[in-house]
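Letters A, B, C, D and E name the chains as they come in the text, with residue numbers starting at 1 for each one.
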Amino acid sequence: MTFLLDVKGLNVRFRTEFGLVHAVNEVSFSVSKGETLAVVGESGSGKSVTALALMRLLDRTALIDGEASFEGVNLFTMSEKEMQKIRGARIGMIFQDPMTALNPVFTVGDQIAEVVLIHRDCTKQEAKTRAIEMMGLVGIPDSRRRVDQYPHEFSGGMRQRAMIAMAIANSPSLLIADEPTTALDVTVQAQVMEVIRSVQESIGLTVMLITHDLGLVAGFADRIQVMYAGQLVETAERDRIFYETRNPYTRALLDSIPSQLGVPGTELKTIGGNPPSLLSPPPGCLFQPRCVHATEDCRMTRPELKSVGQNHLSRCLRSSDLGVLR
Amino acid sequence: MTDLVDVNSREGLGAESLSFGRLALRRFVRHRPAIVSLFLLILMVLAFFFAGRLSNFAFDAVDVTKRLENPSREHPFGTDEIGRDLFVRTMLGGQYSVRVALQVSLLATAIGTILGAIAGYFGRWVDTAISQMINLILIVPALIVLAVFAQRFGGSPVGLALVLSGLLWTRIARVVRGVVMQYKEQEFVLAAKAVGAKPGRIVARHILPNVVGSVLVEITLLLGTAIVLESTLSFLGLGVQPPIPTLGNLIQQSKGAIDDAPLRVLLPGFFVVFFVLFINFLGDGLRDALDPRSKRQ
Amino acid sequence: MLTYVIRRVLSTIPLLIGAMYLVHVGVSATSDPLASLRLCLPRCQEGYDRVVEIYELDRSIWVRPFAWFGDAIRGDFGKSEALGEPVGNVLLERGLNTAMMAIPAFLISALLAVLLSVYSARRQYSKTDYVLTGFSFLGLALPTFFVGLVLQVFWGVWFPQWTGMKPFYTGSMRTGSVLELLQSITLPVLTLVIVSVAAESRFGRANMLEIISSDYVRTARAKGLSESRVIWKHALRNAMIPLVTLWALDFAALLSGSVITETIFSWPGLGPAFVIALTKPDLDLVMGITILAAVIAIVFNLIADLLYGWLDPRIRFD
Amino acid sequence: MSEPILRIENLVTKYPIRAGLLRRTVGHVHALNNVSIDLMPKETLGVVGESGCGKTTLGRSILRLVEPDSGRVMYGGSDVLTANSSGLRGLRKDLQIVFQDPYASLNPRLPINEIVGEPLAVHGVTKAERRARVGEILREVGLLPEHGNRYPHEFSGGQRQRIGIARALILNPSVLILDEPVSALDVSIQAQILNLLRRIQLEKQISMIFIAHDLSVVRHVSDRVAVMYLGRVVEIGDRTSLYENPKHPYTASLLSAVPLADPVTERSRKRIVLQGDVPSPAHPPSGCEFRTRCPIAQERCVTERPAMQSMEGVSVACHFPLGRDESLVSRLNR
Amino acid sequence: GGSDDETGSGSSGEGCGGSGTLVWAHEQEPGDLHLDDPENGLTITAWIRTGMWEGLFGVSSKTEFYPRLLAGEPEVVTADDGSVTVNYTLREGLKWSDGDDLTADDVKYTYDMVMAKDAADEYIYLLSDRTGLDTITAFTVTSPTQFSVTWSAFFAGWKALFGEVHPMHVFPADPAEAAAAENDALRTWNQGGTVLPSSGPLVFSEWNKGVSMSLVCNPEYHGSTSPDAVNTGKALVDGVQINFVPDTDAQINALKSGEADIIMTQPQLAFEEFGTNEEFTVASSAGPVYEHWGLNLFNTHLKKPEVREALALAMDKGDVMEGLYTPLFGDSLPAEGLGNVYWMSNQGDYSDATTEAGYGQGDIAAAKAKLESAGYVLGDDGIYAHPTDGVLSLRVGTTGGNKLRELQQQLLQAKFKEAGIDIVIYNQPGGEYWGAQPFNEEALKCANSGGKEGDCNVWDIAQFAWVGGPWPGGQSGVLRTGSGNNIYGFANAEFDAKADECDATIDDAERAACYNELNLYAVTLQKDAQTGLFMLPITQKPSFYAVSATRLASFGVAPDANNAGPLLNVADFKKN
């Protein structure tokens, strides 16, 4: 099977005034064409850094190593010029905060048309026409008028739609959506997810959806990948993650959600403590201090990502002896 | 309860507790240009205040038989037109310049902080009144203000400091006003209000300490500006009157000699330029240290 | 937007009047137009009386400004006693000379400031950044008169001594030919540029740094734009917004005469006229120059605001 | 039924919009429009609504951190809104608030002792006593007394929120207003805080107004829930009836938009995606504010603002409320 | 002077110039060519006019009158009624630059215009002042070169009158109209579009405001009779361009960089360098401006004669001269400085009462003794203090910004410190000083009331520069009781009577002796032991030129005692 994106051994470290921050450690994963991969994890678990590393958009303090082959080329070894041809053309990306992600001084139309203009051989007029078309596609009403408006004249949801329009204007094969709805209200979140879904269907997009909201991916993702402290801890088909997780962290995460299906007013299950420091990660399992299943062994031995079923990997020393966690 | 408290696992921090100030200090210490500048500044100021005492000459001891001498062992910086020792005069000049600059920054900071904080915190007509006052000072050309007031009061170092602060407080006031306006909407200020704290307490405990950073940076700029302005005023004949030396009037007095006795101009000039240069580096370091977003490697 | 302009202009009128009043009183209180005449009394009784009459010195200094206002409102700004011409003419002639120097100086330093701040910001904490920072701090530390005199000695005395060539005039405005004008304008413009580019590029660098790390610049990169397009199109336009205010103020200050530079290079602009007016004292000319400077300051502040609004569509004027 | 501990009656809070030559006020953002809510002793009242609907303004108006324009906030027989400054200070002992942003709500320059002890200092408690009480309260919120010497930046978001809660609790208030206390936190941390709040409520018998935009969280902690839209309460009632059988189409669509962490349910759900954005509160629509996005709006909704009406233990402001066991989907399919 | 032969030879019509334009960099620019500002009267406007309009008498570098337009010394006749008539004869062949003859009628015209009724109110101050002219009872023109003037009583300053003669032929005949026309013409140096004709070596050419003014040589010039002129008496340069360079250091740079040929700025350090540099020539001389300290007679300390005398004794003019002036100016100034408030040290009738009294020589011991005799006790800080009047600290003030003067003050300050007198330099720039201090209303009230009213401690000591002239009587008015200029508070009826007598004395030698006696009141306690000695003369201010030796072949300028600027002696300039 060939993958659209195949990441092997990705490490990202940041040089900071306090020392090296190990933001992403030995992350390997792959995305097949047409599928929706969700990356979930708590804040600081390295979701965004992974995405930005793939796009090579991290600043100069980041040290990246690993391999990322996308459509058969290694993203990390190509020149900056070649990378520019991929960004916005082959891979589109949308960000968390639609309020700040659009340049306030250019019209929305200009910003969408620009991405068309630089990647395609077309006139300004054609680019603008394309922009209007894309705005229509993502459900911005009255796009002919709104194409000339500035971002501040758009609501948050509309801005995120504009971002999507921009990201897919060149019909990329991969869309990386980094928490596209976190800043939005539920009703608008529903709208935006709807847009992504329909766009995905209409142009056959592969989507890598980054989020911390497990609820959001329940109805959306094909495959889910859980990150913790810069590591991939579990990856599997969606339902397996929800119903047959083999990883204590995933389990704890699922349990801590006050669900509408749960009993209100009861004590929630929590994950005690805080994620570990990424500056000097302790030996052993990184989740061990917070894990209810931890043993002495977990403190000393760093677990590997192991296959625990079909297309199901989990990083836990006790994966096999704990079985499916409920 | 099951909550597990583990403070020591927080990112990047050991058991040692660091206040915001200490953290900033740590960042500052890593700013090499700023630290070097601070060190040199201290050396310079020490020299200004003590080196003059090593000399056998008084700053105003005239000896017309020793006019315009070149640097020698006896007179390390040479002598001036009426035979006064330039080393002592330069050191004392530095002392007066630094004093003027310090007084200016102290006074301007006090006025600017108080008025800026009042304007920013109370808003409405108080703000309008103070802002208009600031605008008033800003639209009148600085030189008029300086010329008018320096003529009358600028002859003594203290008078000059008063005049300069009267002009320069606006900058601080604007900065403070901006920061206060930004902070007074902050939730921690609302929190203080919510527990019934009075405005005085809120401003003094919650707002002003947060203004310190920006003001500190402004003060360094102010110090530099004051020293440069002092010398510019001397150029126009409005500065401190003789025989009291300041770096400014020392340069002014010898600027004509730049062609044939460049050292005479360059020595006091050196002190002005490097003092301001170091002050600026210091300010830069402070700004970086106090900026939470700073990303220095 | 028109209402905004009107509101701004209207709101500055009391300010302007207040400023004029204070300057009038301040200058009256601290200077004595009769100084030299007193020394030649009783021979100069008539001149003395005349000066008393011109400046209404027999009235309290608190009411004197009103007479001046009265005339000023009718467009009569008085006559410059020092320069022997109506104040209006002086302002026009001198103002044009000042502008001749201020405009190129402004344009060059603005351009340089942009280039330097972009360069410095993109290579933050690099050696070049440190060197540029050092130079701009040096620019901030050098008193203008010092820069001016050094340039003058260098190009007027030392360079000709070494090379036998004298490419620039070191004083006086010469307008005989374009070449002469260039030769005489270069050094004063250079002085102004050295002094103002420092502050502008520092400010620009700080802005640029902030913007380079903003979300929308990341978005621009994610679109696959080349680095230069990201910087020169997306970042710069935003970085210019706060710079515009600084520029407007700097330019206003330049236009109201750079006293030091013009004096050193004997440039017949508003700066030296102002010094003459102050030392004379020539109250009407002081007032004229002040009002011009204040109006320029107000106008350029307004222009800055409007430019701000033009550059930043989030700002709306109503 | 007992007397409410806090009665909010017809609360109106407007923010002026200034424009024109003289910066005259040309209009108002009606952040709160005739909001009336009763808070019962020991109950937790959840307030939900989309961004900008006036939740924060409500919380702050109650404490007069913003000045309401009209209405009453009755507490212990007196009106908070007309209290003089010393009276207000007394009332603020009893009414406390926890803020949304755990980063912005703690003064970065002060150690935790000072932050948490400030309410005591303001109310004239001696230093020694303050120390003891702070240590105690820190322990209660799950921190250690020795943490008191540390500074806010040394704490994680969840811990900071605990500190904010400690500050609000130290005066032993009887009403606690929580303005989105968990929305800035990760789920795992959020659960810790929710548990803490639950325990505090049980132990201290405090009445709470819990503001949030996350319906699941509100459901988890609240006894009663108020749903706000554009500065008005559109539906208020006890949790079970409101969640199981929403009457207001807005409540119903809000609930339907919330994703559920259960793929099976998710797959079978019929979701109603509201169209459009929330209108600007400066120019609210005529009649029923929700009509522009309401899937079941009719002529009448344009002209006539629906009044609050009680039905089945719930109050709802809608001309065409959903009936018992009627869902929005079924209404639409009808 | 070598030019005496030229006198009267009337070598008119012969070409002038030929050696290029002389560039003079100067800090001041005139407002116009009026003498309306008394300050201008001393400086740039007067300097420019000196090169263009000659008068009956000129003033030499020795501060003596010499016949300029006159063929020789005129004849003075005294009548029985006390009236005095002077018979003047003009040089032959005098011409205006436009070729018209300059005749006695031009002199009469100048007088009529100044005296015209309307002009008195409106314009007269623009042209000159009327003192001395207003006592003229008759003005008779007897031939184109001869005229006589009668005064009702002798006017001591008669030679100073008609310092300029104006060209009648370009102005209206009616004196009042003429005054109006001149008033306008002087704004632009133009009369109806044509340049005003000159009688001096230069003609106005062009004025580029703010930048420069150009003058060209007068082809009709009749030659200079100045005893200081060394060549033919005709301008050798084609013209003079005055570049207005406000900053003195910029002037020096201009000279060094070849953008100027001559500067006459206030003495700077650089002048010593010029003096030793072969490329430059410097010249200096004692000018007619002299510096002195004026004492406030009602100041707490200064009202004690002993204190004033102690100041006079401690004053060290030699220090100033040798320490400061000699290195800068060489021996061209008298080393002992000035000692008379009526005469300058380079004038023949000068008597130095100060030195005679033992003042001005830095006699520290004597000064201390004087102070102690007045009850002052030396404090620990080395400064005297009076048991009731406090520390002997005196402020000396002047208009700041004059570097030489400031150095002088600092020198003296150091000297006085040795004598236990604390001197605080209290200068204020611009026009501020006079009004704020000596001429402060309260201070004047004190002076005029003999210390009974007003505030007597507004100022202590003022450093002044009086402008002297060949006619010494000018200052007598100032010191008279109640004169508006008498800031010292000096009031002495005996002095006033003596001053009247001096002013009316015709014989030069007698008059000088009389003024020398008046001087004793001002600078010693000899004549008035209580209120005498209220002026401490210091020195004459030097006039100073630096020129580029490489660009000027001959540089014959004697820095003129008239302080008239380089244009007076433009005849002596020759460009390489």
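Assume a contact is a pair of C-beta atoms (placed from the backbone, for glycine too) under 8 Å apart; a residue touches a chain by one contact, two chains touch by 3 or more.
Note that the coordinates shown come from a computational prediction; the quantities given were computed from them, not determined experimentally.
The chains that touch chain A as well as chain B are C, D. Two chain pairs, A-C and A-D, are weighed by contacting C-beta pairs, with A-D ahead.
With respect to chain A, maximal separation of chain centres occurs for E (centres as means of Cα atoms). Separation between the centroids of chain B and chain D, computed from CA atoms only, is 48 Å. Taking the mean of the C-alpha atoms as each chain's centre, chain D and chain E sit 89 Å apart. The centroid of the Cα atoms in chain C and the matching centroid in chain D are 54 Å apart. Chain C and chain E, compared by their mean Cα positions, are separated by 39 Å. Residue positions of chain E touching 2 or more other chains, listed in rising order: 249, 253, 256, 429-430, 432, 436. The set of chain D residues that touch two or more partner chains comprises 156, 159, 192, 195. Under the contact definition stated at the top, the residues of chain B that touch 2 or more other chains are 2-3, 5, 10, 151-152, 255, 258-259, 295-297. Across the complex, chain C is touched by residues 33, 132, 135-136, 138-141, 143-145, 147-149, 151-152, 224, 228, 231-232, 235-236, 248, 251-252, 255, 258-259, 269, 272-277, 280-281, 284, 293, 295-297 of chain B.
Within the complex, the chain E residues that touch chain C are 25, 29-32, 34, 36-39, 124-125, 129, 131, 187, 209-212, 243-247, 249-250, 253-254, 256-259, 399, 429-436, 439, 464, 477, 483-485.
The touching residues of chain E, counted against chain B in their complex, run 248-249, 252-253, 256, 268-270, 272-273, 319, 322-324, 327, 400-401, 403, 406-407, 409-411, 413-415, 417, 425-430, 432, 436. By the touch criterion stated above, chain A contacts chain C in their complex at residues 55, 57, 59, 80-81, 84-89, 92-93, 95, 97, 100-106, 114-115, 118-119, 150, 152, 163, 166-167. In the complex of the two chains, the chain B residues touching chain D come out as 1-3, 5, 7, 10, 13, 17-21, 23, 186-188, 190-198, 201, 205-206, 209-210.
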